[in-house]
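Structures follow.
There are two complexes below, and they share chain A, which is joined by chain B in the first and by chain C in the second.
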Partner chain A sequence: MEIKRRNFLKGLAGAGAGVAAAPLISGTALARESKKLQEDHVGMLYDNTRCVGCKSCEVACKRANNLPVELDASGIYDAPRDLSEKTMNIIKMYKDEEGQAYVKRQCMHCVDPSCVSGCPVSALNKEPNGIVTWDPDACCGCRYCQMNCPFNIPKFQYNDFYGRIVKCEMCINTNLPKQGQPACTEACPNDAVIFGKVTSLLDEAKRRIKQSPHIYVNQVYGEKEGGGTSVIYLSKVPFEKLGLPNLPDHSQASVSESIQHSLYQGLIAPIVIYAGLAAIAFKNRSGDKEE
Partner chain B sequence: MDHAKPTGGKIITPPILFLSLLFLIGFYFLVIRYIYGIGPVSNLSHHQAWGVWKVLGVLVGAALVNGGYVTAFVVYIMNKGEYHRFVRQAVLFSLLGYSFAGISLAYDTGRYIGLLNFFIPKYMQTNSVLFEVGICITAYIVILGIEILPAFLEKFMPEGKQQNWAGSLHAFLNKILFLTVAFGVLLPTMHQSGLGGLAFLFGQKLSPLWQTPLISLLYVISSIFMGFCVVIALECVTVADFKNKSYVNMLGTMMKMAFYVAILYVILRWIEVIRNGGAGLAAGFSFESGFFWLEWVLLLIGFYLIRNQKTRLSPRNLFLGSCFLLASGLLYRINTYIIGYESVPGLTYFPSLPELMISIGMFSLQIIIFITIIKIFPVITKE
Partner chain C sequence: MILGKNPLVDSKVKRRDFLTLSTKTAIALGLSPAFIPKMTKALEKKEKPAVIWLHFQECTGCTESLLRARGVDLATLILDVISLEYHETLFAAAGHQIEDQLQAAMKRYAGKYVLVVEGSIPTKENGHYCMIGGRTAMEILKETAENCAAIIAIGSCASWGGVQSSGPNPTGAVGVQSLITNKPVVNIPGCPPNPYNFLSTVVHYLTFNKLPTHDKQGRPKFAYGTLIHDQCERRGHFNAERFVNEFGDEGHRRGWCLYKMGCKGPMTFSNCPEIGFNRYLKWPVAIGHPCFGCTEKAVGYTIPLHTKAEVLNPNPPQVYARPQEPTNQGTSLVAAGAIGAAIGVAGTAIAVKAKKLPDSEEE
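Now for the complex of A and B:
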């Protein structure tokens, strides 16, 4: 009648061994490195020492991508406060006693994106040119991308009966094929945001820091953060003041997938455990009948 | 081989009518949700994209109905045939719970037709923890259906030797039972770990009090002690055969197993909290740390109630003890996905009334179906 503790723990150990061991070995055997930036990845460099906060990029983005304006309650003021399902690109301002600094926020097009790694139905994809796109035919609207994006970028149309995910796709289907660059970089009157190959943008960013080290924080945000991003930043104030999170140098997706792969690589662990369980249950069959 | 019998009695009773009313209220808001979208009925936002529908409906729901997993393990893997009397009711409860978890996704996801893409090869994304969870839960619903099918077949089997279609199917299912049961243990282990693994990708958005690379393992372990607690609590409510000494002994033994597993969980949890630098946060005074400590208070009350063999044989302590352990485990899940999750500073989320009513309504429907089935079909064993 009494279940022996030893037996119980033994059984538990057997069934749980695969699950238990996998995360521990993930650091070695099946670890997946953060994905690397490719030569043909395109992106943007935003330099807030050059931005004057005119919001031309916001207007251009809305025009190119057919997004509605956001009016306030009185219907007079039309500038959005934050990214939303109506706004994929926004200029915000940080201000303290020493002065002010702008920041442009939109999808960062991570080198190794959490949203792409987490999406169960391949709705989010990293294109060969590094742009992270969304596929309406694939998406099931689970909003896991919203939950796991370190920059809180994907937005969902909550007020639509069958909403879409809205986020910057670097005008991949709109301005980019027509004009050769996204609407925001095309519209910027001061070259505060420029479009190009990420590798050359990184060189340019480093050149600017070297040339005038006194005006820049000595860091190119997005070179390493979260495994790197295709949209990179130069700033005169520390990046966390601009709302850009202080992320580790590896991508979260690389660790998550390492764990996942060590558990399920080739389905070997589940098959072995299944066979073991079935064998035990088969052996126990006669005992069950006596009951 | 089974002595399970229908409990009988009237189908329509005052409690059933009350639950039906709750369901109808939920159903009303569900209709609104499908016409106007998720926004108008819920407090979900860009910053808190998962709320009660996913967290209560799927994460907490999957833990609450985990009895099928642990009873299958005890009876068929540890070979404790005498515990077979607990299997059917636990499996039925699991089947309903998981089916409703699936149904809740149909109103939680914004593009529900896209859910079918889980089963279309070109859309399958095997690196995704969420994909694994979805597939495992779907497969497990099928397995639970096969596990419970004999109870329904027995209703159609004639007395005596004459074998009809139901009888032969019953015999066949019995023959392949070991194959079914092995899935019944493997699949929950997989998806329970996945339910925790989902939170790992939140990275820094989840407080170090809960974030850890071992979160998958912690979810499996917590689901096991919660599974035992569910079986015990459910037995206390539906069967309550306390005059039968061997019955009480078995409940006590399961409680003891839950106790040991919970201790393992406590140790591992604290190692991870300290290793991830959560100790300072826990010591500080904040909204998160308050909920963090609430988990431990609930667990300690539970531990106190079931502290020794004597208390583990008292029906009152069995019931309350299992409820407190369950509450702690459920709060762990809510904390991981709601309280400890902060995508922007100062984020607060509390479900709206319609949002809650949809969850409560669907839960009521689940209980109505459960009670009705045990009245008509041989699920519960009572001597």
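Now for the complex of A and C:
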């Protein structure tokens, strides 16, 4: 038995061409736009010129959501260094010679969330009010959401046999129904983080920048970044210094879904690939007969 | 200069003193000012409540602490507020005379007197470790508790045994509440207890005719409802991780947190930081010594003095993580190149060696 090198290469080229041609055949009609912010979407505005770093929001978050403490080496402080399976909300501090700036890290509740797009079992969902929730009954534990998230937010309980995904859900089942707002915005003593409809929050953020342009960076982080987020930021230092990534204006989900949906549209790409493979196999068999 | 009232000059108690006592007690008890007239009235009653004060295994520190109360002194208390019928330290009488007085008082005020117990009660060897007038502490307590209205156990010893009950507890010392179960008992633990907590309990009893609400350990909630750690004047230093590491070091002189010196504040409930002791509003931590947890049964005289306490409610410290923590993940280009080169060299070497091997199939 012998596969001729030439035949093998032919088959390979054919299959390759098919794959490459698939998007062209289907055209750009399937290119998915980034999803748009809805009027009903709720979110938060965090303004680090107002934050005093008291960490009341961290304490309130843990209390409201019944999260365990994350003791440090001394065993006396609940001192997480980053978001983790025990911490859904954390205040961090950027410091340089000129001064310091706090940043509150938590789920951004993207307008077009990559985690929702990437979840194969629809365990992550964008609720009608814009909150990105996680469904423990649907989750299969694949952690694609972790890999998809551009902000590195979802955390997985690796130490638990029945590990869960832990991320901020804006207290949708805890503080929000009871108090009408998440625990962190309720606890903040200085209104550094406020809760409301994203559209009004955007107006408020722009108003603050217009009112005191000298103290703010002229950008509302989350208005456009990654297709927009429901948790938006105002800052006195550039956002990349706060660990907020510089993202394009379209969502990652729109790019990946455009490619994926084009590839699989009408099952053209799989048919071409399997046809190519079948051709090779047939050729080989007919070669056997000749001998 | 004499701070406060000079007892030698101003021995007559005025109405103002009652009002002062009422007001301060109302504040200590967390009551509304509307209760002040009621309290004053209760304190001015003609028939003063009889108090029998027993001493067992103790150091008299509780009485000493009461002698140093501010605002109201002991003289006011025993001469005008209560009728002290029996007190071994304060009474001039001794021997048969005072024992007769005890018996007389018990008969006269049967069912009405308040029993104050100071010190623990030994139970081993039938209680022979503590005997007064030929009778054991157990017998005396049983007899006096029979007809009392309520019992106030003052100090950690009377509350649950205190220092005498710490291991190996040679005398089998126990507190009042383990022996007397059919009478209301309120514990004012502390070593010594804050006199104001005792006075407030007495005034509460006089005003409302019942003992204040208490927790599972029998301690009045108004005094033992808050964690020392949460009220501590050095808490800011704890949150900022500024600790005393050694007595007399830089941090100790600057008044930093005493947690590392074994302060039991994070696991002890008491109002010490709020009301302080004596006239100077000071308490152990304020003068640079760690709290040793005397108001907690499971802490004082149980956990060694300089052992670090368990923090009951850990909170975030006022130190911050950086926005992007440096990680060891990921490889630099140089490292990747070096590893690639090493693999290449090894692969080539193997290939060269393999070529030199004799080809067995051909032979």
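Observations on the structure shown:
We take it that the second predicted complex is superposed on the first by the 240 of 291 C-alpha atoms of A that agree within 3 Å, B and C clash if a C-alpha of one lies under 4 Å from a C-alpha of the other, contacts with A are read in each partner's own complex, and residues count from 1 in each chain.
In this section, a residue touches a chain if its C-beta (ideal position, glycine included) is under 8 Å from a C-beta of that chain, and two chains touch if they have at least 3 such contacts.
These numbers come from a predicted model, not from an experiment.
For chain A, the partner with contacts to more residues, out of chain B and chain C, is B. Within the superposed three-chain model, A:Gln265 lies out of touch with both chain B and chain C [touch as defined at top]. Legend: residue contacts after superposition of the two complexes on their common chain; A:Val121 is shown touching chain B, with no touch to chain C. By the touch criterion stated above, A:Asn173 is placed in contact with neither chain B nor chain C. Once the two complexes are overlaid on the shared chain, A:Gln157 sits against chain B while remaining clear of chain C.
In the overlay built on the shared chain, the residue A:Ala79 is in contact with chain C alone; chain B does not reach it.
Within the superposed three-chain model, A:Asn190 lies out of touch with both chain B and chain C [touch as defined at top]. With the contact threshold set out at the top, not one residue of chain A is in contact with chain B in one structure and with chain C in the other. For chain C in complex with chain A, the residues that touch the partner chain are 241, 259, 266, 311, 314-325. Contacts from chain A toward chain C in the complex involve residues 53-55, 58-59, 69, 71-72, 75-82, 90-95, 102-103, 105, 241-243. Residues 1-3, 5, 7-9, 11-12, 15-16, 19-20, 23, 26, 83-85, 114, 117-123, 136-144, 146-148, 150, 152, 155-164, 245, 247, 252-253, 255-257, 259-261, 263-264, 270, 273-275, 277-278, 280-282, 284-285, 287-291 of chain A are the ones touching chain B in the complex.
Residue ranges on chain B touching chain A, taken from their complex, read 1, 34-40, 42, 44-47, 49-50, 73-82, 84, 105, 108-115, 117-118, 122-132, 134, 177-179, 181-183, 185-186, 189-190, 193, 197-198, 200-205, 213-214, 216-217, 220-221, 224, 246, 249-250, 253, 256-257, 260-261, 341, 343-344.
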